[in-house]
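Chain IDs A, B, C, D, E and F follow the sequence of writing; residue 1 opens each chain.
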Amino acid sequence: MNILIIDPTTTLDEDVGYYETLASPGTHVRIEGLCRGPGEVANFCDVAHAAPEIVHLVSTIGRDADAILINCFGDPALDAAREASCVPVVGPGETSMCVALQLGTRFSVVAVPEGNTEGWVRMQARRLGIEAKLASAIGLDLSAVQVAQAADEVVEQIAEVIEGTIDRDGADVIVLGCTAMARVIAKLRQRLKTDVPIIEPSGTAFKMAEMLGCLGLRHMHGRFYLPFDPENITGYPSCEGGGAPTDLTE
Amino acid sequence: MNILIIDPTTTLDEDVGYYETLASPGTHVRIEGLCRGPGEVANFCDVAHAAPEIVHLVSTIGRDADAILINCFGDPALDAAREASCVPVVGPGETSMCVALQLGTRFSVVAVPEGNTEGWVRMQARRLGIEAKLASAIGLDLSAVQVAQAADEVVEQIAEVIEGTIDRDGADVIVLGCTAMARVIAKLRQRLKTDVPIIEPSGTAFKMAEMLGCLGLRHMHGRFYLPFDPENITGYPSCEGGGAPTDLTE
Amino acid sequence: MNILIIDPTTTLDEDVGYYETLASPGTHVRIEGLCRGPGEVANFCDVAHAAPEIVHLVSTIGRDADAILINCFGDPALDAAREASCVPVVGPGETSMCVALQLGTRFSVVAVPEGNTEGWVRMQARRLGIEAKLASAIGLDLSAVQVAQAADEVVEQIAEVIEGTIDRDGADVIVLGCTAMARVIAKLRQRLKTDVPIIEPSGTAFKMAEMLGCLGLRHMHGRFYLPFDPENITGYPSCEGGGAPTDLTE
Amino acid sequence: MNILIIDPTTTLDEDVGYYETLASPGTHVRIEGLCRGPGEVANFCDVAHAAPEIVHLVSTIGRDADAILINCFGDPALDAAREASCVPVVGPGETSMCVALQLGTRFSVVAVPEGNTEGWVRMQARRLGIEAKLASAIGLDLSAVQVAQAADEVVEQIAEVIEGTIDRDGADVIVLGCTAMARVIAKLRQRLKTDVPIIEPSGTAFKMAEMLGCLGLRHMHGRFYLPFDPENITGYPSCEGGGAPTDLTE
Amino acid sequence: MNILIIDPTTTLDEDVGYYETLASPGTHVRIEGLCRGPGEVANFCDVAHAAPEIVHLVSTIGRDADAILINCFGDPALDAAREASCVPVVGPGETSMCVALQLGTRFSVVAVPEGNTEGWVRMQARRLGIEAKLASAIGLDLSAVQVAQAADEVVEQIAEVIEGTIDRDGADVIVLGCTAMARVIAKLRQRLKTDVPIIEPSGTAFKMAEMLGCLGLRHMHGRFYLPFDPENITGYPSCEGGGAPTDLTE
Amino acid sequence: MNILIIDPTTTLDEDVGYYETLASPGTHVRIEGLCRGPGEVANFCDVAHAAPEIVHLVSTIGRDADAILINCFGDPALDAAREASCVPVVGPGETSMCVALQLGTRFSVVAVPEGNTEGWVRMQARRLGIEAKLASAIGLDLSAVQVAQAADEVVEQIAEVIEGTIDRDGADVIVLGCTAMARVIAKLRQRLKTDVPIIEPSGTAFKMAEMLGCLGLRHMHGRFYLPFDPENITGYPSCEGGGAPTDLTE
């Protein structure tokens, strides 16, 4: 089985190592970034500029995959990618919340940054129809870079926020709302004094992609998702070579 | 007051006439189309390719407007446009549904095309948190072009669907879910045997844009909407002249 | 266009000045109070005693109007007024919440008095089907008279409550839940350190009345709203002269 | 125990017989009509004109009761009556729906007339927060008078509607949405081929009034319900003698 | 009328006294415990072990009753008991919440123990479709035994929690979420400085059982509830004598 | 990895073959039935009699598993099993619905039997908080045995029901609501003229069990789920040998 992971930024610096530790035998992983778009995905304007290239990748190199993962908790361009794809496409935000439903009564999302986490996560939960299951969505005053460095005080800060939301908001499942959190999850589980399940979104979505691929499940075309019609679009030249940096500005 | 209407397609053929009949004295209207993107907005992939250019227009010529209307019932890139704007931005789908809440107990949306109308409108209603107020969303087996030609048999077909949803689904407000419906609304009101309110989305959103501009109301930046940071984006050259057709493929 | 504003109390002391600053050219404003009913509208019993006279005004002098505004945030007798009217009738509470839906993800209502604000506003939001969008409803320990005097410390108190609900409850839109707040809104916007949109209910409902009148939209009769049948009522003599103080006790 | 039943019309023609067959030993029943207001309660304007007199009855002769029933399925002035009362006040619509919750998964309301039943009942269910439990609300094309006469063909018509909603809408509880239905319930239960529970609203609300009186439960004043302040009201002279026909027009 | 009260534990120590003070003249009360199952009902595993014996009691000695009460706030095996019964079966949790809907806008449940109260009560409210009406569910750090002893400091602790939830969570109805609370309710009402209604679950459910029996209302078989088929079950020998302690381990 | 599949009946006749075709390399599968309980799980009374033995199996042989699947779409005793387990426990109903959320906008469940499917599935969806995403739940007039035989006319009947619910109810995902449907899914996919995703519950739950085991995710104890305390239970002798038929009646 071939899983394509799309990093929806122009600054890809991740390799396949983490996913290979989770992969079933026989699963191959490929990661691609964008040739045009945002350096990081932090707001709706970043999503707007990532979307055309995500559609392009899905409809070109995505044809060789059995399942596709768009690797950002905010699930940029997920619906468009599904229209352009004939294999299942998953997003870490959506998958994590659906898995959380099975692990307890209410979940909290702990993410970065502080500003728009609550609104954005609430919108994602509402889109899935599960807003009432969201106990809280807490944005930490940290950058994704700080999270990825996984210093002890960062782990301590996240752990305290998690313990607080269990006590105060009635959460019995925690979703980490940032793909950079994969770097802290081991330390975090060691530190916490509770057996609360903690969902790491990238790994969880990766396993869901494998699972949907194995079960032969993908989205229907013709109702909510219509087929992508490239003839309807003008002004977007293809990136040659599947994600290679043929910048439009050239 | 200056209202900027963005037609989110590359095939703009509308003029300001309809809006000028609705405008308050002193309101000026400008309509702009996209220099790159979809020929029509029918699915999520079309939205994906309209989004960057909508953000560009909002953040350039939008600076001279007092309010902005993105003139497609599907509300493409509405959230991104709000991030890029310092004036209020409205969408016909969202505005029509919010006005419908004030005019009755449950509303039905009658739109084209048949395929994805129900799912798309339901998603828009859920995003606003008002899915329980949506009595039904019915996609007609007509093209937008057929609607715009407003032949008598088309008016008759729409009228019968409206009378059916009032009887069967308990709707007491009708929302026309396509901006082309502005061409049929006069005939439609004449034909219908009921006094049900029928909301024409483009005109309604235009008046809402005027109203928000008059009241000095616009979206907050810093919580759900963060500011647009053009420095974070690479690969999207500006369209010169505010929407002039400087195609990227050239 | 003629807008009739009904003050649902027997103690009218407002003039048309505020509305004329907001009115489009060509809009005429008339304000009428009740000849019998409550001195102020603070609870359900006050609403009960305002309702017959509101219906009377709507069905008499309301016939000369193009749209009617019942000017109390609690929206007293709104449904009955719509039955008795053949033009659109709006209420500041309902309109403000519907406009708030378009300006952010969740709104808070800041009102007076402390006692029943939360329950009442929640009931209004539930009636519209948007309770999940209500971040909080906070009743201040102030009288409407104190608010109307707009002393600096009152503005300061309201401002702090607003900043608190943005931080704590995730609100990104504020609705002022009292028509007396029109007196403090200018000072309040000046004082606040955030660009959060603040909806002043009377002015917003006034503009909505104009907009619905312009668009020719009014409530349907025959489904939720039936026509008013004065023959069915006994024991309520008409107030002569359209709201003149012909008290029943005389 | 003393139960006061208020018939919210000026055309009372019911006696205490039906309630005495249901009453526990020691319960006394009194029925009073209105001295001013509507001949029947069919729409919001009728409610508006019944409300002041309901408040008056509750706050005068209601002081001798242990519990009060406002005997109309539409629950007119229920909130105002609770403010004016120091004993529990129940309404047949609200009570029937709350009992229905305990008897199955989803309930249908079968009522007269055809026009506004669906919208009105849905509003009542939404007010209680249980709209999702309402399978359907069906208005029959019959008058309350026809229902009260209980002819065989009327019983047959109601029975067929009930069987239809069980099959089609998934209802497993039926609420009769009109107090006149007390006249047909015995025949109806005999006719139906199913053991579906059928809730007759007047009798059910009467027993709930007894139960709340027995348990010492009544509404709180100070949060949602404030105390009734007669000093705030002008223009409504008392009806002498507790409901006697001292018409205001004299 | 005969009411059967099932104590879903093997450690019954309650007599009929409390219920006889609430019973209408002519009502007879019988209480039975389980011959196998849990010593107390504190979690889902306890419910699992109480369920077969509850079904057995309902389908044997329950045949002589006019209504049945399963006397635990957690409502163990309520659905199965209804399938096995041809008379109405009520549970204190479900009944208390349905009565609470009629007594205010939002209710809080105050219960023991601290651990799983919030999650359990929320699940019960969601099952009824009324989660949005639950202001809060607070588990006290007390045992049921401590509650039953009703010491002054326990009453004080409960009273303070109640006053807190009214102020903080907007509750205007309180539900005591433990049948042992019947021992403290008199002292509690005396102590509280507010007139908030406090629902004692056992007595309330007892009166509801009487009411449903009087009205001839019971659950439908064939849709949600199918008939109990003992032939389908193997391995569960009957307890002889209707709940007598014929332990399976003998 | 070891997956334990519990068949919650006393009539197990399934082998591990189907699961081994889906299993990742290195996954071992064990299936166990009950030594006491129902012959089939068709109603709540059947669940009541399966529950104690499910808890017993989970807390004995379940200790050697990495994840546990209770293999019935009705999810019997799922909460109790989670309390008794220190590894993840999944149910096909719950898992299928959570996966369906990721594959479209609304799902329909097609199941047997006709009687209680709609109510039961709706209850499961409400428990998860996703009732609004359930387009319909349709019970076929077929037995599970008929489904398992997979005759062509049975496949045709199911296919027509699926096509009907897509057209009529707006479903874009189908969940088969019966584990016997695993026998028809291949024929069904071949027959259908649409690319709608069809979720087979047993296989999907099996893969979810593997996935949760791989990710180290299991339910928290101490909030909603408390630990199982066997000391609290009397009258349930252990089945020797982990599910061997030591019948209590002997």
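The rule is short, and it goes like this: contacts are C-beta pairs under 8 Å (C-beta built on N, C-alpha and C of every residue); 3 or more make two chains touch, one makes a residue touch a chain.
Only a predicted model underlies this, so the values are computations on that prediction, with no experimental measurement involved.
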If a chain touches chain D and chain F alike, it appears here: B, E
Furthest chain, CA centroid comparison against chain D: A
Distance from the mean Cα position of chain F to that of chain C, given in whole angstrom: 53
Whole-Å gap separating chain A and chain C, where each centre is the average of the chain's CA atoms: 44
Rounded Å distance between chain A and chain F, as computed from the means of their C-alpha atoms: 28
Numbers and ranges of chain F residues touching at least 2 other chains: 105, 118-119, 123, 126, 129, 132, 170, 172, 222-225
Chain-chain contacts as defined at top: A-B, A-C, A-E, A-F, B-C, B-D, B-F, C-D, C-E, D-E, D-F, E-F
Residues of chain E touching chain D in the complex: 22, 24-26, 88, 90, 94-95, 98-99, 101-105, 128-130, 132-133, 166, 170, 172-173, 194-197, 199-200, 203-204, 207-208, 210-212, 214-215, 217-225
Residues of chain F that touch chain E when the two form their complex: 10, 35-40, 42-49, 51-55, 77, 79-80, 82-84, 115-116, 118-120, 123, 126-127, 129, 222-229, 232-237, 247-249
Chain A residues touching chain C - in the complex, by the definition given at the top: 118-119, 122-123, 131-132
Contacting residues of chain D [partner chain F, same complex]: 105-106, 132, 170, 172
